[in-house]
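Quick one: the structure is below, questions incoming.
Chain nomenclature is as follows: A, B, C, D and E, assigned in order of appearance, with residue numbering initiated at 1 for each chain independently.
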């Protein structure tokens, strides 16, 4: 009880801090210099319609690289963290209650569609809302669906890691090529930027975002699979 | 800024806070997880209102969808631990 | 003041006079004590006879090198102390070997004999010797303190460390004596004097020797003779220092004999009146009564 | 030069590549990892060299082809390059070290390790604040993975605690970042600084959040329970990275961010650092687990660097030198210690005793500890020196004091540990195993090499000379290489070295230096003769001894405060190692070291206060210290020096240290080392003269201290049962005399003090040697267990006899000269009261001296000692030399003193001595050593001769002819006459020697320990509580800083 | 409106923190942290919001020439995207840890994992 009280007092103080922040906040009426630069230069220099994508993939590409690395790390560490016996249990065949006709058939029907949606999202990431992360998550949801229908679904873990690694490697290599052949690391002008609004425009941006999508998808999937695989229950 | 939007925001906010309350204080852990997912989902609606479609999609897909499933996968493995 | 060869026979002469006077003095005091106790007492020359007898005895017992050193140190200390201090003021003949050093030399040479005796007694391996020594040294540390303070006070008073000069500054009437110009220092010194005379109430140091098997049993014949000689010389050598520092010194032998006798009698009287102190009692006594006097005397100057 | 982006991209790419490989290609994976790490290290080394040679300037690297504020940019300058070199090297060596674990865990673990290192480099390089956040998260997650490398079952819980806390941190960081962005319109750190974020509306709060989040990554007290748990349970090689690399990176991040907030935040940072530094050091006192202890120490050191960062406003261009010195020294040492801990199987501190099996590893261990504590010649020393000076110059005395206090506590527990390792017997039930793994050992030695080269580098970079360039130090270190050779060779070399150094340098000495120099170098050589009696190799003795002598000889040559202090530290360390060699000396060596270092810090503070920003402060300018500071400088320095001379109150280290030291070490530390303190006082008093504080004459106070030391030292010596302890206490008394003499501030007082320097050296060395020889033969130092040794060890007896006559000041030996000068000196003194104490002290010396000689050599020979032989030849040789010296010095003291007497005339023109022929005259009295000697000898010889003559036929009486029998009591020693020898004396004066000082210092230690032990319990081990601590920390800092800003 | 969202965000943060600091069950702590993360994301987005403007995407309604006047600040959105992904990474890791801890002790009570202390 004392602890709870103490926590409340601390949070109250934090609340004061936040209130302070809140009260000192005045919404901007004009874009600040950074945002203005992005607004004015994205289309012209990078040829991307979705400014957020441009920022993520190009201007702040290093962040994104770090971000996919976070996922890569999480996926890798997940395997390390989970107890040794976690995966062994799957040797024992289990009798599971049927998941039902509807789910089974539905999933077989849905999975390709979902995959397609995912791919669409990240391929068009530089033009429309959505991109690699969203697309990757959706691809992972396909894997999830398969898992739900059949928890014993055999997945080629190696396939995931190869996809993941190749995507990551390509990302890094393209980024580094940017230093040599274009303005800098992850400069998308490695390829011609093309016409604003077209699919094959914005230089390497769609490629990079697709790589991100693949990588994220693979990582999420392997995370889900690793967490779902059962020991004995 | 239409008043409609403001009212919607307000309602969403209230719903989120309610959801959050359930998430942190609910007796049942699955309920808490679902409530947290719901908060996330409502947040993604909020993001749409705030003109951030990219974020909204991500939050919906990852924050509310994927995370919730991760939780349930683990929850299924910890027998008896959920009530500690 | 430089060394000349003639000083050697002069010093030996001093030594001779002092030994004889000392022997007689001791016998005289013993006689007085005996008469007070209605006994007949010793013959006045008994000490002479004993001494000569002991010197002529042979022994076939030794306890080792240090055993020899005991009496040697002891007597060497006594003789040295006597000779390092001018005996008669203004007499070239009886200023002995005082060119070697000043008051400080005398002050520290007092310890020479004590140290030697302690060592020699220790060599005998007799436990009582060690007990006596430890008591003696313990008592000495505090007994000497008031004296050291008084000496310091006196040298501050006269701004010199030379004994001859101190005496010369006290000439011209007994009111010039330190006894009257610096009574506190004298008081402190006299209390200290009581402690160093090996008489009651401060003679518990000697107690182990009184036990039949104590060190004197081991030190016999010529050893004993040497120690007896020292017993004779040492108190007088010490009194000479007191006399020079506090009582105006002595310009001639009669004055010398008189002053030494009177000073000696102080300790005798006190000894008759008080019973023995234990060591820790005497230490406290010196610290409580004598040392403050000494401190006051220093502050007084 | 390789672009920093490649530096980040390559390990990342390789990590991705590892993800693709087959699980079974483990060795290939490991090879790739190792290769990558090596390349990265080489690349960063290339950068460092480039910057160091001056061919490069700091450059920004932009990404995405857009200019910096709009795209993420990286910066590379000397600082960044050095730090990433550090990070990569830590990574490389840890990879080597982790070979087995990595092969077991497989490619994923290696990938995580690579990414961890990469992310740390990213934190250092990036100039974008959100990018910083990303890299921090990467570090968090990879840490979460790498914690699992450990076999420790508790590691996962530690990792989880870390994750909880890092969640909180990231919340704070993100909110801070977005509001900072809102205020300034940029995410670039430089941009934010240019827009002075701290001054904008809401900006201060945003900055606060960012700052506190990054600082939280530094594990500040009290929000650091999680970090300790990680340190304790993680694999040591990972802890090495976590401590060395991660902390450095986070510290750099703080330094990078601070310009955003402006100068007003510096005190906040300083305070946080200071609290961490003190608290962590305090808590470390109670640690028994090695890795947790190292964890506490890491936190403390990080706190110290944080203090430095917070003080950058006054450090100016030396900022990097100072911060870098502390940071790099800590990083190398801590990494080394963690690697070392991996070689041991047991986690208890005392388990490290197995290191004794390998002298090289022991050397590594002590090198690391010296690096951490900041002893010369390591970088921390130079850094601390300059830091303290700059702090003093700006009057930031509170910080100065607290930093030094913390450093002292740190030195305390680290050296306590070292002492245990060197001295404790192996624990017993759980004997630690000591794995011999060549690669791991190699890694440890890489750290050792790194530490020493950093020491050299910092010496070169410092404003002063390089310590490693001074001949005496090199000579001492050279003995490290000779360790394999036998004693006789090393000993001869040492003696030749000392003597030839003396011959080279003495023409340049003034009389003052000459006296000290002779005592130190020639005196040292003489004492070293005794070391021939030791056979074998005597590992560790010569480097330590020579280090001490190096320090001593440098001390008297020092012209300025820096060299003086360096020498002071060197001699302290050297003598500590020497003392530690004694069988039972562990606790005493520790208290010696703690007191000495405490004293040294006071001296450091004193010099710093005096220097007032002068880079090289000549000792002669002590006289020009401004009047308002002078008394304080005087007090600091005087107390510092009096610690070394063991003045009463600060004396409790001495008896144990001197008594427990080895036979030939005791004379060195007593006869020679104590003089260092006197030399310091001489320098101080010559420079500053009399000082007054609040109307109190400070030399007067010293007079009292000296007199009290003389009295109490002697008094305590009287009651010792242990012969060497008795001598040790007597040293306190003797030093009291010398201090008294100096404090008299007149000609003769100083002459007396100098005479004590010579005399005390001779007779105390001699006594320690002979008592040591006796103790060696009898196997005990307790006096009541000895006796009657005179016939068996006559030469030792003669030495002691002469020694005690000299000590007690009885004519005719040289001790009397001292007393005579003393009396003359006090006749002109202004203060009379303390003299009384000295008077009392004098005869007391008799008591213990008599006891010493009597109970050892006289009395009854013990049965078990009947077969004893005279002390070894080489112990006797120096004793006889000393006897000869004493005799010579007694006869012709003028040889040594006359020149000095003249020399003193320039300081105290009044009251010199007159040297006419053989007699010496002062204004008050006279003294003729030769005639005294002749007279005494003649009397003595004639009496002795006669006695021998008449008793020439005497036979020796057997000792049992005089002992009476009695029942043997339960404790036989209580009936021995030598037991409790001066019992009545104790009854009378015992109250004076109540162990007040011991009790006081014991109480201080207890208080420290108890409070540390109680408060550390708030690290409950509960991850949630740790998170609450963090939150509370944030809130408290928020309230404080908002209140003060 | 922005202020409403922002205060909601802050409130969610505080509630999440409260939940994670008072619930002893590890899974509940993690759930609470996701609530906190959602709150953080809300705050981040609301800071970048400007009333009356549209999403930072160029399409038929937003011409290149007037883009600076029409769109809202894209930077916070980019940051939030990154933050969400990082958040899920950390959450996944914590969940895995939770299971690992459960395996060792058979409990999810955080106060049971205190072997390391002091």
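Basically, a residue touches a chain if its C-beta (ideal position, glycine included) is under 8 Å from a C-beta of that chain, and two chains touch if they have at least 3 such contacts.
The model shown is predicted, which means the values in this text are computed figures rather than measured ones.
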Third chains touching both chain E and chain B: A
So which has more C-beta pairs touching, A-E or A-B? A-E
Could you state the distance in Å from the CA-based centre of chain C to that of chain E? 99
So how far apart, in whole Å, are chain B and chain D when each is placed at the average of its C-alpha atoms? 59
Whole-Å separation of chain centres (CA-atom averages), chain A against chain C: 107
Take the average of all CA coordinates in chain D, do the same for chain E, and state the distance between these two points in whole angstrom. 50
Multi-chain contacts only, two chains or more: what residues does chain B have there? 53-54, 58, 62, 66, 70, 73-74, 77
Residue list for chain A, restricted to those that touch at least two other chains: 3, 7, 11, 14, 18, 21, 25, 28, 32, 34-35, 38, 50, 52, 60, 63, 66-67, 70, 73-74, 77, 81, 129, 133, 223, 227
Chain D: which residues touch two or more other chains? 130, 134, 137, 141, 144-145, 156, 175, 179, 182, 187, 1028, 1031
Pairwise touch list, complete, is A-B, A-D, A-E, B-E, C-D, D-E
Within their complex, chain A touches chain E through residues 3-4, 7-8, 11, 14-15, 18-19, 21-22, 25, 27-29, 31-32, 34-36, 38-40, 42-44, 49-52, 55-56, 60, 63-64, 66-68, 70-71, 73-74, 77-78, 81-83, 86, 127-129, 133, 196-197, 216, 223, 227
Can you check the complex and tell me which residues of chain D touch chain E? 130, 134, 137, 140-141, 144-145, 153-154, 156-161, 163-164, 166-168, 170-171, 174-175, 177-179, 181-182, 187, 225, 228-229, 232-233, 286, 1016-1017, 1019-1024, 1027-1028, 1031
In the complex, chain A touches chain D at residues 3, 6-7, 10-11, 13-14, 17-18, 20-21, 24-26, 28, 32-35, 37-38, 41, 45, 58-63, 65-67, 69-70, 72-74, 76-77, 79-81, 158, 161-162, 164-166, 168-169, 172-173, 175-176, 178-179, 182-189
Contacts from chain D onto chain A in the complex sit at residues 3, 5-6, 8-9, 12-13, 15-20, 22, 61-66, 69-72, 105, 108-109, 111-112, 115, 119, 122, 126, 128, 130-131, 134-135, 137-138, 141-142, 144-145, 148, 156, 175, 179, 182, 184-187, 201-202, 205-206, 209, 1028, 1031-1032, 1034-1035, 1038-1039
Touch list for chain E against partner chain A, complex: 2-3, 6-7, 10, 13-14, 17-18, 21-22, 47, 49-51, 55-59, 64, 67-68, 71, 73-75, 77-78, 81-82, 84-86, 88-90, 92-93, 95-97, 99-100, 103
